[in-house]
Amino acid sequence: MLSVKIDVHGHVTAPDSLYVYKAGLVSHRGAHGRGDAALTAEAADAALDAPNRSFGGISHRQHLDNAGVDYQLISPRPYQMMHSESPAKIVQWYAEETNKAIALSCQVESRFKGVAGLPQTMETSPATWMNELRRCVTEYGFVGAMINPDPYEGLQQPPALGDQFWYPVWEVLCELGVPALIHSAGCRPPARESYSLHFIQEETLAVTGLLQPSVFKDFPDLKVIVSHGGGAIPYQRGRFYPGAFRQGTTYRDILRNLYSDTCLYTQDSLELQIKAVGADHCLFGTEKPGTGSVKDPETGRWVDDIHLLIEDIEWLDDAERDQIFAGNAQQLFKL
Amino acid sequence: MLSVKIDVHGHVTAPDSLYVYKAGLVSHRGAHGRGDAALTAEAADAALDAPNRSFGGISHRQHLDNAGVDYQLISPRPYQMMHSESPAKIVQWYAEETNKAIALSCQVESRFKGVAGLPQTMETSPATWMNELRRCVTEYGFVGAMINPDPYEGLQQPPALGDQFWYPVWEVLCELGVPALIHSAGCRPPARESYSLHFIQEETLAVTGLLQPSVFKDFPDLKVIVSHGGGAIPYQRGRFYPGAFRQGTTYRDILRNLYSDTCLYTQDSLELQIKAVGADHCLFGTEKPGTGSVKDPETGRWVDDIHLLIEDIEWLDDAERDQIFAGNAQQLFKL
Amino acid sequence: MLSVKIDVHGHVTAPDSLYVYKAGLVSHRGAHGRGDAALTAEAADAALDAPNRSFGGISHRQHLDNAGVDYQLISPRPYQMMHSESPAKIVQWYAEETNKAIALSCQVESRFKGVAGLPQTMETSPATWMNELRRCVTEYGFVGAMINPDPYEGLQQPPALGDQFWYPVWEVLCELGVPALIHSAGCRPPARESYSLHFIQEETLAVTGLLQPSVFKDFPDLKVIVSHGGGAIPYQRGRFYPGAFRQGTTYRDILRNLYSDTCLYTQDSLELQIKAVGADHCLFGTEKPGTGSVKDPETGRWVDDIHLLIEDIEWLDDAERDQIFAGNAQQLFKL
Amino acid sequence: MLSVKIDVHGHVTAPDSLYVYKAGLVSHRGAHGRGDAALTAEAADAALDAPNRSFGGISHRQHLDNAGVDYQLISPRPYQMMHSESPAKIVQWYAEETNKAIALSCQVESRFKGVAGLPQTMETSPATWMNELRRCVTEYGFVGAMINPDPYEGLQQPPALGDQFWYPVWEVLCELGVPALIHSAGCRPPARESYSLHFIQEETLAVTGLLQPSVFKDFPDLKVIVSHGGGAIPYQRGRFYPGAFRQGTTYRDILRNLYSDTCLYTQDSLELQIKAVGADHCLFGTEKPGTGSVKDPETGRWVDDIHLLIEDIEWLDDAERDQIFAGNAQQLFKL
Amino acid sequence: MLSVKIDVHGHVTAPDSLYVYKAGLVSHRGAHGRGDAALTAEAADAALDAPNRSFGGISHRQHLDNAGVDYQLISPRPYQMMHSESPAKIVQWYAEETNKAIALSCQVESRFKGVAGLPQTMETSPATWMNELRRCVTEYGFVGAMINPDPYEGLQQPPALGDQFWYPVWEVLCELGVPALIHSAGCRPPARESYSLHFIQEETLAVTGLLQPSVFKDFPDLKVIVSHGGGAIPYQRGRFYPGAFRQGTTYRDILRNLYSDTCLYTQDSLELQIKAVGADHCLFGTEKPGTGSVKDPETGRWVDDIHLLIEDIEWLDDAERDQIFAGNAQQLFKL
Amino acid sequence: MLSVKIDVHGHVTAPDSLYVYKAGLVSHRGAHGRGDAALTAEAADAALDAPNRSFGGISHRQHLDNAGVDYQLISPRPYQMMHSESPAKIVQWYAEETNKAIALSCQVESRFKGVAGLPQTMETSPATWMNELRRCVTEYGFVGAMINPDPYEGLQQPPALGDQFWYPVWEVLCELGVPALIHSAGCRPPARESYSLHFIQEETLAVTGLLQPSVFKDFPDLKVIVSHGGGAIPYQRGRFYPGAFRQGTTYRDILRNLYSDTCLYTQDSLELQIKAVGADHCLFGTEKPGTGSVKDPETGRWVDDIHLLIEDIEWLDDAERDQIFAGNAQQLFKL
């Protein structure tokens, strides 16, 4: 019960000035020039200690302390990424400032490792997006990339992740040797889902898209972690058994091309996930503080105390629990 | 282990002439007139005994016999419904012929009860669609309606199920006292999902749409069964806990406004479903013969032998198993 | 009156399984994989002997016998070609299965010669379409190609037949030395015409498109037969006289770059056609069994007994009648 | 051979200032205000005597003299009507000025009777269009209306003539007791046909649209003359025989709900037309001077000397010839 | 030179939390619920004293002090209004919070009077927008409304201000007896202008739209002030002289239906404006602090020290100068 | 007061036959072939002497005489250019005929110098448009080109003038050594402005587009004259001061990359313009006869007697006045 805990799914808690900057960008659309979000290490530090209504009234650091998280990979707040906004330069600028906020957070909090957000505007090409990843890995020492499978944010159909369109993304990830965390961003009307449900829907599509025969054949070294337990797939996986049988394989084997995080908030779901893909393919992830930072009035636990749920799974042995909490992440992210 | 088994999720095995008729409709677009699919009781009967490649080489009746199904509710093959085709009259005609095929099947096979498909073309209004349900209940004695939450079949965004747009549907269902089986139909390019995965995505949206506060407040007698175990929701339900806590309730209570069928093909998924919503809200459903009618080479079982999976759940007591296999369906469908 | 009769305009009478296959394709949109239409020589043979409501209650072979047709060129049922459906692969698969049905029919009925249908989806290029023609000529010994001038099937404006867009089609036809039969396919709402009237409208446009100065100058060996007597053109040909006079030629000379079939159902129309373009440019064609397979209650003749109408034209001499019935077809199709 | 000749299909030869006015309207789009085309009786008179390149180098009056036309119904030059231009007011103003040009021509040339052009812009309703007809009948004594079945001029699909959309048009025609001359106007890119071929295509659609069962049942007094010999229909009429037989009638009877003019330029086409619909349903019409005002170098005849073609038909008796040349027009237009 | 100065064109300097709130709205699109911007009087007060990069490094209050402004009418920062965002509720919420920020500013700074921003989303009707104005006038005592003539923010063409579409706006303004300040909001790609130039373009269109004959005839009590000196109109007014002469009036008289503010930054432009419309139709307005809050390196003056420019106009007498600085505003806004 | 006067902004007064030709083009859309406008030197000459309602009842030559214009640069009537019409060939043909009309006018009136209109259809590329300029300079000796910054004529957003899209235009202008006169053409519904106000709006956008840093850096020899005094910019120029100060320059210096004509109709506007850009950057231009050819009932002057307004400016010295009236034009156009 004393595993090292590496949370692969944390999002940056940035100073207000990042969002004031963003509000300006979507208003002036670039007319005020590049400017900046006035980010400083001091402000980044203060933000981590500020109690926050959205976090259940406590601070980001208090959440880490409470949950005993030893390391957290922090990426941008996904729903703020505004990939579908125009013109492209404001998407670019916001991604850069956000990554700077992450870098500053890593500088002031040693538990953090950075995961880059990318300027995934459809006005530019995927190859162009990857320049920002290169910069973040080189300049900031980031260890991964958050990839949004739907840069249109619900406004139209993007190419599926199995399409050649995405190959420049996989190429650069392999070249840099960093994994991708699949995580969509916003979702715009008239879509029927909130951004939060859009995460789940897109992850379901991401799994089926990536498992097209060609992707992992063409990129055998590609490492992809699908957020939130892989969308609907572990629960619905039996639906894909017949197809796999017909190809002389099993869907479990196909599924194990991918990794998923444990960002689910019920123990039975976690058990299902681990059974479906194996403990060696699940990475501890909490999105904490965030969506789940509310206390269950009955149990008194934070909904996003996912470490407690994992610890409560009786049939997991220590080696498996260690894989989930740390070993898999160490291997994939070379920590 | 000797429960009566009522399978609420079966689809009609119609004579070839129904599909020849359909191929004609989408070609002549109504120019040949209404015509008909040349359906007869004899042909309907023969179709049930015909071995079928898509069914793993055996017939629909053999599947029922093998699985010991006592009653099966049969609805149209959903992916054939062509709700997004034009003009409206061919959607209407096809729905009528399909319901006739169901009625004839019920006539020649006493284990069947009919569930109507509706002409859900967006060129007409929901109120118009419901005339066909009235006809099927009155003329044929059908016991339910299959409702497609996405009549556009992936081409554009329909109103969410919580929208007033759908109220005429709920009104007539309540008036006739028959439940709805939520089940989407086709899915057209450039959508990224096959129709089969679209089922799951649409069911996820259907659950969140229907659980908008107003629907069950305005239609307290409405009975809705979501196919395929409720899409992603049971697995991802923890994601909705915080919202429910903030409203002073629990998501489990909210979820129990709906029913779901057991059309999942892995035991752990079924266990998760039953834990999530309770045995009194799960209805035995198999989609058999269909997607799952392939044998697992290792176990030798049909993938869609869902009754075996349910029987294998050790912690279910007999009363709960009876509810799932029969009791819930008897109550909802007044069988 | 004992001419050999070669009917250049017949459509395949395929087994029902072809249309069941098609109904599946437009429903699963490729999700079930390529599959096949379960076509066999036996089924193809049986289909030719099956009495058919759409054929006036008798079989395809009986129609041939009754009319004394010695040879019939059979192409796909045009209105079933679904060129405007998506994704491209289902258009491709359906074209291939249809051509297979034609090949099997030719195998079991020695009076038949095959004319290929092509996968004319606008998601692929004309050059791509022609691969299927190459295959059919090489593998099956087909003698011509049916070309749809409107692959959008009424949904939007395609390039006119005089446009460079179509040059790859003309190139391959010349390379293979086989003629084209111009014949559109379906017509989708909100167009104002049925597919059958769309045939006529498209043929009118095909004539004016092809008679643009460049086509036959660039492809002097191209042989094109316009179905249904050339649409409106022979009747309306005087409208084009002034333009031709201004260019120092006559419209009759311009028109004779093309051939047309006799698929008209009134003697006076046939007379007009033959006068307009000459007996050496008319090919016997009936579309039999098909649209015209209904008996005139007054005369007791089948409407599509076009051979009788031709025989009734008193001013035709035997040489001309032979040209129409056989000679022109023998020359163009190298029979 | 000395029949009175009433040509129902003539178009106004207006002073240049009408077209200068039009060029202004489509440039300033109404910004210069209503203005006017500076039309006068003197200018109208002079225009009728001016030799014209487009008329083969002679004047409108010389054409009438040469052909011995006793009366000519003159409507606007159809291709100039610009029904699809925007805003609506410029379509309205141009229609009014054009009708004024017609009225002035009738004033200075006693052989003329006016047929009104209507402001058929889709920005206003059909009921609105008819106000201009009322005005022309009341103020100017016009005797008919030219109706364009495609106010979009090829840009999109209008409702078919059998649609309820057109009922206000039929109502006012019946109320005023004046016939309609069906004649489309322009045809805009990217349509594949010139405006002149668009006339033919639209007339074909007009015939099939108007022959929908309801129109002449609902408007038994409606009189409609389809220009240019009825498009493709007489030539292709056999195609519609089976449908009529199935309804227990004949297509000839159905066709005789409509009238057509003789604006065809070949004798065999005229013969076909008269056989198809009867001499009592054909009205002498020439579109002269216009498209056909070119001399055939071989015969020396004007192509649009249609009276000569009709006179050359040997099997017509004098009564029939009189009907065509005058009787039918006198009856329909109450001349 | 000691006039009271009422600046009618100031924008709120709100606490950062308003923009953090906005950044959230355009990201979660309403999924987080209404929430609020955590606005307080203290924060509003502090914001007014905070030095600001965009304001040339000093605070809003310092600007007022420096310029000797006695009263300032403050409206929302226009470019932040996001009228074209979706869904409508986020536009509504942001407008409400912005007006609250204005109300709090008025509470802590006695020199301020509020001018309401409205939720001008095209998903709702103009009548709906006006509810927020009613609320602001009643609850907060606001004295005017800022009206955006382009709620689409450059994405498509809105109805011109002379159109009936806008009548509900004019009605409520007259009913409440408060003037409108015409001022557009954002401008979205691919428009060619920045939001700031869009202000000018829209004001030019606003003037010509409002001067359509009907508006001020139908709403004689309507008071409208066009921002930024009336766009291009005073400079280009000669262009409209001929039209006015033709109507028997002068364009100067027509123009005087409207008022404009002095938000121009060059003395010669102000002189032109005052000559064009009269001192009794110009209202002192500065947009200060804002666009012009930069010092001219040569003169050392703030560019937006418009009071100095007005004071420098030698030919203005004191009465006129008082009208501009205060009298006109007092009369229109009933201060 | 006896300066030579070169009016750089005159438009051709063409014979009516040019507009009759145009009315035909937009009606037959090219179906009648290229044809021509029947232009002759005699007709061109007569047109210049014809009194014209739109010119206040006198002729073009009388206007020149009255105003004492020594030379006038004449370009096409811009609003007639129909750049947004389709197909491209009719735009091309009309531009050619218009330039021919200009050439003929220059031939018969020695005071004229030609400025070419270009076939700026978006169906072809800017490089293609420039062929017509080459032809006009070479064949006709034209001295400039009129450039429309909005070839879509209000229907959609064109690339801004600072965009690379326009570089082929600047290249050819520099190559030929002729200046551009920026002047838009028509403006189509549903735009809110008339073509005349569209001129102003487009000129405002043209100034800001052209002043993007790259254009005059990449084309240092480019000479551009913006019509109508530069749109709104001189009046609103203070709005751009802060940006220039921030770049270490002044907006006056930036503005002086461009020239503008004096086509404004009020003396104070002219004074403002000359102060804003300097007398060495203003070129005498009147658009005479045209929009302003109406007499002011009070002064008795023609509104477009701009030479009188310039002569009335007291603070201009003779050298400056000469620059405006002639010197600047001589230098730019190498007259």
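Going in written order, the chains are labelled A, B, C, D, E and F, and every chain counts its residues from 1.
Keep in mind that, in the parts below, contacts are C-beta pairs under 8 Å (C-beta built on N, C-alpha and C of every residue); 3 or more make two chains touch, one makes a residue touch a chain.
Every value quoted in this text rests on a predicted model; they were computed, and no experiment measured them.
Trainee: From subunit A, count the fewest steps through touching chains until subunit D is reached.
Mentor: Minimal hop count between subunit A and subunit D: 3.
Trainee: Kindly list the shared contact partners of subunit D and subunit F, in label order.
Mentor: Intersection of subunit D and subunit F contact lists gives nothing.
Trainee: Between copies subunit E and subunit F, are the contact residues mostly the same numbers or mostly different, with half as the line?
Mentor: Subunit E and subunit F contact each other through largely matching residue numbers.
Trainee: If you average the CA atoms of subunit C and of subunit F, how many Å lie between those two points?
Mentor: So the centroids are 57 Å from each other.
Trainee: For subunit A and subunit E, let me know how many angstrom lie between their CA-based centres, rounded off.
Mentor: Inter-chain centre distance comes to 43 Å.
Trainee: At least two partner chains per residue is the criterion; list those residues in subunit E.
Mentor: Answer for subunit E, listing residues that touch two or more other chains: 190, 196.
Trainee: Taking the touch definition from the header, please name the shape of the chain graph: line, ring, star, complete or other.
Mentor: Chain contacts: single closed ring, each chain with exactly two partners.
Trainee: Order of chains around the ring, counting from subunit E in the direction of subunit F?
Mentor: Following the touches around from subunit E to subunit F and onward: E, F, D, C, B, A.
Trainee: Hey, which residues of subunit C end up touching subunit D in the complex?
Mentor: Going through subunit C, the ones touching subunit D are 157-160, 190-193, 196-197, 200-201, 204-205, 208-209, 228-229, 231-232, 234-239, 241-242, 245-246, 264-266, 268-269, 271-272, 275-276, 291-297, 303.
Trainee: Taking the complex as given, what residues does subunit E use to touch subunit A?
Mentor: That would be residues 16-17, 19-20, 22-24, 26-29, 31, 77, 79-80, 82, 86-87, 186-190, 194-196 of subunit E.
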